[in-house]
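Paired with subunit B in one complex and with subunit C in the other, subunit A is shared by the two complexes that follow.
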Partner chain A sequence: MLCEQKADLDLFFKAKSVAIYGASATPNSVGQAIIQNFIKPQYTGKVFAVNPKYESVLGVKCYPSLVDIPDPIDMVVCAVPARLTPRVFEDIAEKGVKAAIVISGGFSETGPKGAMLEDEMCIIAHENDIRIIGPNCVGVIDTHTHVDTFFLPEYRCGRPKSSNVANISLVSQSGAFAAAIADWTAELGLGIGKIISLGNKCDVDDDDLLCYLGDDESTQVICYYTEGYDKDKGRVFFETAQYVTKNKPVLVVKSGRGERAKAAASSHTGSLAGSDRIADAAYRQAGIIRADNFEQMFDMAKALAMQPPAKGNRVLMITNGGGLGVMTTDALEAQDLSIPHPSRELEERLTDRLPSYCALGNPIDVVGDTDSNRYDAVFEEAIASGEYDAFVVGMLLQTPSLGMEITNTIANHQRRSGLPFVVVSMGGGFTSKAGQIMELMGVPTYATGEKAALAARALVRYGEIKYSSEFKKITV
Partner chain B sequence: MKKAKKIFETAKNEGRTFVLEHEAKDIMKEYDIPIPPYDTAATADDAVKKSKEIGFPVVLKILSKDILHKSDAGGVKVNLKNEEEVRKAFEEIMEGAKEYGKKKGMEVDLSRGVFISNFAEMGTEVIVGVTKDPQFGHALMFGLGGIFVEVLKDVTFRLIPLTKVDAEEMISEIKAAKILEGVRGQEPRDTQALVDIILKVSKMIEENPEINELDCNPTFVYAKGDGALVVDARILIGEAKADH
Partner chain C sequence: MLCEQKADLDLFFKAKSVAIYGASATPNSVGQAIIQNFIKPQYTGKVFAVNPKYESVLGVKCYPSLVDIPDPIDMVVCAVPARLTPRVFEDIAEKGVKAAIVISGGFSETGPKGAMLEDEMCIIAHENDIRIIGPNCVGVIDTHTHVDTFFLPEYRCGRPKSSNVANISLVSQSGAFAAAIADWTAELGLGIGKIISLGNKCDVDDDDLLCYLGDDESTQVICYYTEGYDKDKGRVFFETAQYVTKNKPVLVVKSGRGERAKAAASSHTGSLAGSDRIADAAYRQAGIIRADNFEQMFDMAKALAMQPPAKGNRVLMITNGGGLGVMTTDALEAQDLSIPHPSRELEERLTDRLPSYCALGNPIDVVGDTDSNRYDAVFEEAIASGEYDAFVVGMLLQTPSLGMEITNTIANHQRRSGLPFVVVSMGGGFTSKAGQIMELMGVPTYATGEKAALAARALVRYGEIKYSSEFKKITV
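Here is the complex of A and B:
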């Protein structure tokens, strides 16, 4: 029942031969920007241009029609005016292509006339088993296969890369957000697997991609930006998510907390509901983590991609700066996490191994003159005690005594224990570099205690979702 | 389940989008949802007889396909302690309904008489409700009644069907949850009975998707071990008015 269309979507990401309908020789045009992506050396498939106006575009042979191309085609990217698309789809059907990304706008988003065109196109597609992404979208980026239909020149819109550690994939209803996030995550250096812009969702929708990405080995965390669902589609998405979230974290940013739907309700319950509150409940119930904005979503996604989920909600904060410790534990508390004091036994063990002026509590403050050995001692004892499910490590590198081996100490304890760690490291250039190194070693690093606390919260919340009854929750 | 279908059919044939109170209670009874004893009566004599069977005090409410908001038509009389009070209340309700009809310029159907219910002992007021969202379908709402729902909107939602864990979470996640745990010397409330009602309502909606909106308001929850009662229930059927 669930996720049966999966095989069809493969073509969108693994197309080995792509035809660009509406390829153009005009500089700075959509039809040219797309073809530019496919002639980059990293794309190893074949590309064909289709446009009766040209013999060739950027050195790519241009055919008057799709059916004139002698080679088989896996996917068509359609960038022609909306009124021409039904004709294009007749060609696609004749050629036997099964996947089409329709970049063009001018469909249902513009009114009834456009909606009729969209219907016409969809009927042809449906009758011929052609799957459509779009229309009115920027299409897809796959960082592994380098299929890239974003019509945004790379010097303006950076392209994210895949990471060897773990990758996040994003599905966005909005094309502009998809592009901005591609650009932004490229800058941040976050590992991205796929970015898909859905546009009008005339065929492929949120649910299809949830199925697909749920099974996609190159995606470790699934992120969504949505403005809402078509009638009953929210329910379908919810049902699929209940399965997917057991295996992979799913995060959502949903805009439109509006209250329009409430006005017409005639019962008490209806007047209190409002669609956003229902969506919120549905997300929670399906194990989807909702973020308020993109920054929060990617702070959480980064942690979920790099670290295992927590098996309980007890968090220990270790720091070499008192202020950072207090701020971070405040933030952890605000995230409803449990921050228990070490047991008397653990405290005694730590007293034996740390200088007397270290503060033993939660946070444990190994103070400003520490080197990595004190962290090592704390990790060893705290992990062995079994009293904590997750660790937040304050790493202030302005002090001369703390060397770069601290990153090894943290990464080693994380790997050996299998427990989730996040690092908070505030500062400037040196600190950012150290943070990058820490992340190359697989431990997510944040610039503020609040962000680190949010990341810890995501790891705990996902543990709760994944392990359900086996998750050990201490009431805060 | 069959009973519910028949009730919906009758309502539709009469052009109603709501279910009469005794019909709502009949459906809920099928699902074993706890409700105070009730009956209907078309005449004053009958009302007295049924009230005695149910046990005083009782509540009388108008039962008419033409009246949805019963209080507006003077159609609700509560805490009736004896035969005389019931008889008087019945007459007043009938008069009130006629008046209401005159004002609205329509003939109010009075053939069904009144709904009679035992006047439930006051408990902690909660609300269990259902709404149908165009994107997500049926969702269940839970919250404390009175100012908690009116002013603070302290309610929580889950999509139907719910699991037991969902129901337990709902009860513990509202901001005023402490009130159910027992505050200021009050005994803890019977939250298990609430879980039970929530799950039964969930099942009822799952099997009767025609129900568009439901309010079990108020629902009284008593001290632990003493259960809970759905005192008033409103069921709306037909297509959702809310649209995107």
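Here is the complex of A and C:
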């Protein structure tokens, strides 16, 4: 059984009572920022402050030690100086708490002395079955339970929300990136399930989270940012991934492709980035989809979260802008997708239903004066033909002849056919609004043909991973 | 003399009296949308409607024919059915107008009959020294004079504004893209000078606009979207570019890289896309910087419009996030830039001024708890050392220790040194605001390390084009 540790991690995300060790009355301190998160009304559990210095912090009763708290505690958040953590872990053990997020830095990342402290802490944890996230991290955000240990104030670091359509979870080695991505996805309005910053990974690792998130109902796609793997842990991670990726898409951004970046990664987290080509091969074999950067990762993740994977690689592009058709076809071709011409039979059917000045081919150009009816006709015939596995729909809305009903047309055909659709729509205010509506209906929408092609590629690639031998690949 | 036609084109952008042929009282018609643009108070010239059907259109007096207008006319916008245009051009000739934008479609793009009409129109124009933009186009937007023939209503297609910092002008073969980009850049708040949709290019061509925009004071960077060149015109264009690019950066997106896209381009605008490798070589030789897509083009254009080109290829990255440093270094390396380690002397100076836990190298990581003083110290020493030609500055603002004053620190060092700077700052609301402020100060700001690296690459590449032999290139 590859994924047996799952139950342990529930405490980190579903903690109904949390104790903040190092809670502080000092404004802008880490110990204050964290307690501030847990007294927000959206968090419905109980929060306790621990600090011998105070009677109360932000109105929350403050205990001199964890063991003085009368209630049972699900999780401890530890924000005390590193040298005090072994003492804190003795308390955690005594209290019988089984989950701790150690925010504090000053451990192995600072040198041998810190590494000794980290070892000391971990030994106590291990002996007492306490799981640790961290140290040297910003911890976790769960957008459903509102457990949130990110010590960055909301006016600087927005918090993403969960979506009713589909949610992405992110595991990040870097705390700064975890925060920046929380802030960024909050602004984008992307549905996020959980964000986890792993820090020094003295216990809970990429691998544990792969198992946990693989079974997590509020996570549709799992994303990773990593700078490299420890040799043994890396092996376990890839073995686990081979199993998880059959059920849920896993994406990764791994930095340190170049030599200079590798050196920087090593000085940043001490990771050995290793050969990038070996990493590429390992990802491919494990069914993990690699992205070059965060934008690409979230563009693909959005598609994979919202749409079913493709069962083959034949893509049809429909557009109301010739230039957009050309640009997107370029990008689809660059993504190694098959973009076959409609069969003679399909072409005849389309000729019957479209004005003569529409361009039949792949792309199909229903031209600038179209309303949604021409799209409707193309979808109907092309889906019925069975000639395509995925649809890329160009929708330029600068021209008033194409109204907002196009979003219904697209969503309805997607839903009825069960085939994956992605939309490309370039523009400003009205276009953004239409894109939001499109995504509320579950169809991912992109501002450029390249992004849409990348999304289509991810849906095809994941189909290949998920369906393996049943996947129908037409040679390009 | 390569660029002698300049004076002619002024009429298109600086027209002080415009006649709309085919002005219409029908809501949502092309002929109404255009006149609506010219009666906005921002357009300070005179507008006249021409249509025998009406006495007035939207309160503008309507004349049965152009020759009935008592005032002199600088430019005619023609939005009548194709078959009527030869008649209209006889009027234009009689009235002595020297510039006409032909919005109407139904010409060479529809087949031999339309091509004949186009020829007929062009012969009259040529005999009477009338310059034509179009036919089959959306015409022009000038954000300074507010000449605006885009027949798309503002609620669908936003209009970009000029900026006090720097402006980009775009020439597009595709009208739909011209409109989508107007709408998109309006939303982005990117400074735009002019957008020109060329359509069938029966007269005014890429080449003419290259000359005109090359001399245009309100254009700092010239961008093109093209699907290919006519053989002879292509040669002239590249010859002209060789001259223009010494003074002003020229960027291009040329679609039709792949075989399928080429076929689509041919059916869209009849362009022969030709060999993509030949195009690449021609662009390189002419000093034109090619982008893969619009996002890349505008990311580069923004940097080139705001910053001086680099005089060499040595880039220093400074960051307050290790992961961001790694990712950006990866991207800089992929862009073939030189990212040399600081000299021993510079390193010693920096060691004296930074806390011991900062990571010296390239990137220099001033770490998460930094304020703007550490950046200040790095800029001061690195600029004084003369070891770098360009700076890429990572600025993560999720942590409150780094305040808005960092924007001043960056802008001041940029201004004083005269060296090109680009900023990478990832996040949401506060970060977006800081990015806007940074750009008001003239320093382009990007959401990902990859975009910042692309921008740095553009500044280095344009330095190579502009300074040729004086440019100092360190082998990577």
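Just a few scattered comments:
We adopt the following convention: the second predicted complex is superposed on the first by the 459 of 476 C-alpha atoms of A that agree within 3 Å, B and C clash if a C-alpha of one lies under 4 Å from a C-alpha of the other, contacts with A are read in each partner's own complex, and residues count from 1 in each chain.
FYI, contacts are C-beta pairs under 8 Å (C-beta built on N, C-alpha and C of every residue); 3 or more make two chains touch, one makes a residue touch a chain.
For clarity, every value in this text was computed on a predicted model and none was experimentally measured.
By the touch criterion stated above, A:Gly323 is placed in contact with subunit C alone, subunit B being left untouched. When the two complexes are overlaid on their common chain A, residue A:Ala279 makes contact with subunit B while staying clear of subunit C. By the touch criterion defined above, A:Asp230 lies against subunit B but remains apart from subunit C after alignment on the C-alpha atoms of chain A. Of the two partner chains placed by superposition, A:Arg344 touches none, neither subunit B nor subunit C.
Within the superposed three-chain model, A:Asn293 lies in touch with subunit C and out of touch with subunit B [touch as defined at top].
Common to the subunit B-facing and subunit C-facing surfaces of subunit A are residues 260-261, 263-265, 267-269. Of all residues in subunit B, those touching subunit A in their complex are 127, 129-131, 133-137, 139, 141, 143, 149, 153, 155-159, 165-166, 213-215, 217, 234, 236, 241-244. On subunit A, the positions that touch subunit B within their shared complex are 228-235, 238, 260-270, 272-273, 275, 277-282, 285, 468.
On the subunit C side of its complex with subunit A, the touching residues are 28, 110, 152-153, 155-158, 172-177, 179-184, 186-187, 225, 227, 253, 255-261, 263-265, 267-269, 292-295, 320-327, 329-334, 339, 357, 359, 361-363, 365, 368, 396-400, 426-432, 447-450.
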